[in-house]
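For reference, the structures are reproduced in the following blocks.
Two complexes follow with subunit A in common, the first pairing it with subunit B and the second with subunit C.
Now for the complex of A and B:
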């Protein structure tokens, strides 16, 4: 009974952190602060994965998003913007379009959430997913295994990198 | 070999007998947190003293020798001084990010610190993906350094932070790949599993040539990852004043200072765990009498002794080699260490598949 309360406290804490920092990330005027709030959101998401005892996904979340993507964001912010110029206020037409789009989005999400039939709620798995199982699933070619998407992603990333180098290359 | 999990289970059962399981878990988490923080601070003090003594010995000096026997109280006095110093606020900076940055650095370091296996059964965090989690946690520290450099509103800090970011992102690859090489040999990522797998022989002997190459690469990359000399470009004092922590004062600076030293210990303890057997005594297959004598030395002493040796080697690097230039640093990683590492990984896979290891 008390265990359940403890788990609930942890869950609501993480969920509240995700919600609050997400809102702060889009409302702040300073772009580096937005990146920092996004980092907190990603931390809390990693916390949710650890909470579900899925430590592999949690570690990947920390490594790829917190340790990789956010650093790239910060780097690109440092290299491009001076942060002194405050963003100019949006045109009223754009503001209206944005408002309509976001209200539409909220309606769509609310409709889906309210009409969806949720499957029976499972308690979080008690033991960790074995590393070997994840490895075989990622590298296998049988049904329900993911070697082909994995390799396709790597080709896509390679293409992105080559493209980036080609654009940044100095023409002599 | 004394198993410390006897002690921890005893504490756990004692707590569970007086309170509900949920409260017991909460109290245990708090206790572990307090113990880890205390250990963190004590390790930092010991390492700072060791660094000053080692540095002095390399430069034919005595080092601190006035306060206490061999100057061992000196670091405590320095700590008290640091704690009482004023934290100066700077104008025209982003105060929130400026104050946040040292905490990100220290939290990243503390998360990795929690995974260290101190002895038989003495480990706070033991995930299935332990070694991967450790690398992931320590990679967060870069964000703190970049934020510190930017929010200080100082050109030197910004250049230092950018250098540090480039350096740490590059060398993380080498650290990951050299540890992956050893994961291939051990067949598990769980830290306790890695230590157990070295029961018959330490991995550096078991994996012979590829393990030795991975060990050397890991030491170089680990030294670079902690921003220590000869890779201390981010805080090269002759070029950048003090790099990303130029503007920090008082305990905010103290956090960077402490994190740097403990990160060095973390790198040394990963090297110990993955290559030199962690807390596992030196066991040689066939020599049972010798193995049994080795078992009489407590596991904590084995771990701390090996880590101290690795820490000494890393300090030795700092006081022996001259500092690299940034282009030399990056070409060392991308042109030499990374190809060597990839080939070494294939070599290790071949050796493990054909069973040529001991």
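Now for the complex of A and C:
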């Protein structure tokens, strides 16, 4: 009983953090602050994965995003040195259209999600996904195993590394 | 044990998704547009994990799709930032409205 209340508090805290910081990340005027709010959103998402007992996924999210992507963002913001966006009118036509479209979209999707009849909702398992199972699934070649996508990912990452160097290099 | 219903997770991820859409339409800076795209991608990752956990608890597909999606979004960010730095070198700022040519 005590645990259930505690878990509910944790979930609502994470949900509120995701909602508030994602809205702040797209409405703040300073770009470096937007990157920081994005970092908070990604931390809360990793917390949600831990909450669902996907510890491996949460760890990957923390490492790749907090360790790699956000650093890349901060460096590129500092390199292009545009800490402030050029001032635009606070309520332009484009802003109104975007606001109406996204609020309407949220209402529509929330209505559909809350009224839909799901086929069979199970209670979430409380045990971890076995690490050995993850390894075998990632490295196997049978049905439902993912060796080929894994290798494709490595080729993709190599290609994007070469492409990044090629695009961003200084031309003499 | 019905602790948190599945719909709550989906509502949270849809709020994140439409915040990303809003930013994608309204922001002027290219890096801010990229941050909005990142929000959209992460919200779909939450959906994969939640559907896997609640609807198909014996399978692992959603978890591995989330893993590959995280990897692909990292690759996409790297290439996009290389392009943005190249643009900055050519036209000295990264505002969307000044962007008319990628290469001279």
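Operating definition for what follows: the second predicted complex is superposed on the first by the 125 of 172 C-alpha atoms of A that agree within 3 Å, B and C clash if a C-alpha of one lies under 4 Å from a C-alpha of the other, contacts with A are read in each partner's own complex, and residues count from 1 in each chain.
In the analysis below, a residue touches a chain if its C-beta (ideal position, glycine included) is under 8 Å from a C-beta of that chain, and two chains touch if they have at least 3 such contacts.
This structure is a prediction, so every number in the text was calculated from the model and none was measured.
**Student:** Once chain A of both complexes is superposed, is A:78 in touch with subunit B (first), subunit C (second), both, or neither?
**Tutor:** first
**Student:** Applying the document's definition of touch, where does A:110 land relative to subunit B and subunit C: first, second, both, or neither?
**Tutor:** A:110 sits against subunit C, while subunit B stays out of touch.
**Student:** Go through the superposed model and pick first if A:25 touches only subunit B, second if only subunit C, both, or neither.
**Tutor:** A:25: touches subunit C, not subunit B.
**Student:** Using the superposition described at the top, determine whether subunit B or subunit C touches more residues of subunit A.
**Tutor:** C
**Student:** Who does A:66 touch here: subunit B (first), subunit C (second), both, or neither?
**Tutor:** A:66 contacts subunit B only, not subunit C.
**Student:** With both complexes superposed on chain A, which partner does A:129 reach: first (subunit B), second (subunit C), both or neither?
**Tutor:** both
**Student:** Now for A:33: first (subunit B), second (subunit C), both, or neither, which partner does it touch?
**Tutor:** Only subunit B; A:33 stays clear of subunit C.
**Student:** So, A:140: does it touch subunit B (first), subunit C (second), both, or neither?
**Tutor:** The answer is neither, since A:140 touches no partner chain.
**Student:** Per the contact definition in the header, classify A:41: touching subunit B only (first), subunit C only (second), both, or neither.
**Tutor:** second
**Student:** Let me test your reading of the model: by the given contact rule, A:49 touches which partner, first (subunit B), second (subunit C), both or neither?
**Tutor:** second
**Student:** Residues of subunit A that sit at the subunit B interface in one complex and at the subunit C interface in the other, please.
**Tutor:** Of subunit A, residues 56, 60, 68, 129 contact subunit B in one complex and subunit C in the other.
**Student:** Show me the residue ranges of subunit C that touch subunit A in the complex, using the header's touch definition.
**Tutor:** 1-4, 6-12, 14-23, 25-29, 31-32, 34-36, 38-39, 42, 45-46, 49-50, 53-55, 57, 59-61, 63-64, 66-68, 70-79, 81-86, 88, 93-95
**Student:** With touch defined as at the start, can you tell me which subunit A residues reach subunit C in the complex?
**Tutor:** 4, 7-8, 11, 15, 18-19, 22-23, 25-27, 31, 34-35, 38, 41-42, 45, 48-49, 52-54, 56-57, 60-61, 64-65, 68-69, 72-73, 76-77, 79-80, 82, 85-86, 88, 94-95, 97-99, 101-103, 105-106, 109-110, 113-114, 118-126, 129, 133-134, 137-138, 144, 146, 149, 153, 156-157, 160-161, 163-165, 167-168
**Student:** Taking the touch rule as given, give the residues of subunit B at its contact with subunit A in the complex, in rising order.
**Tutor:** 20-23, 25-26, 94, 96-97, 100, 127-129, 132-133, 135-137, 139-140, 142-143, 146-147, 150-151, 158, 161-162, 165, 169, 172, 188-190
**Student:** Considering only the defined contacts, which subunit A positions touch subunit B in the complex?
**Tutor:** The touching residues are 2-3, 5-6, 30, 32-33, 36, 39, 55-56, 58-60, 62-63, 66-68, 70-71, 74-75, 78, 128-131.
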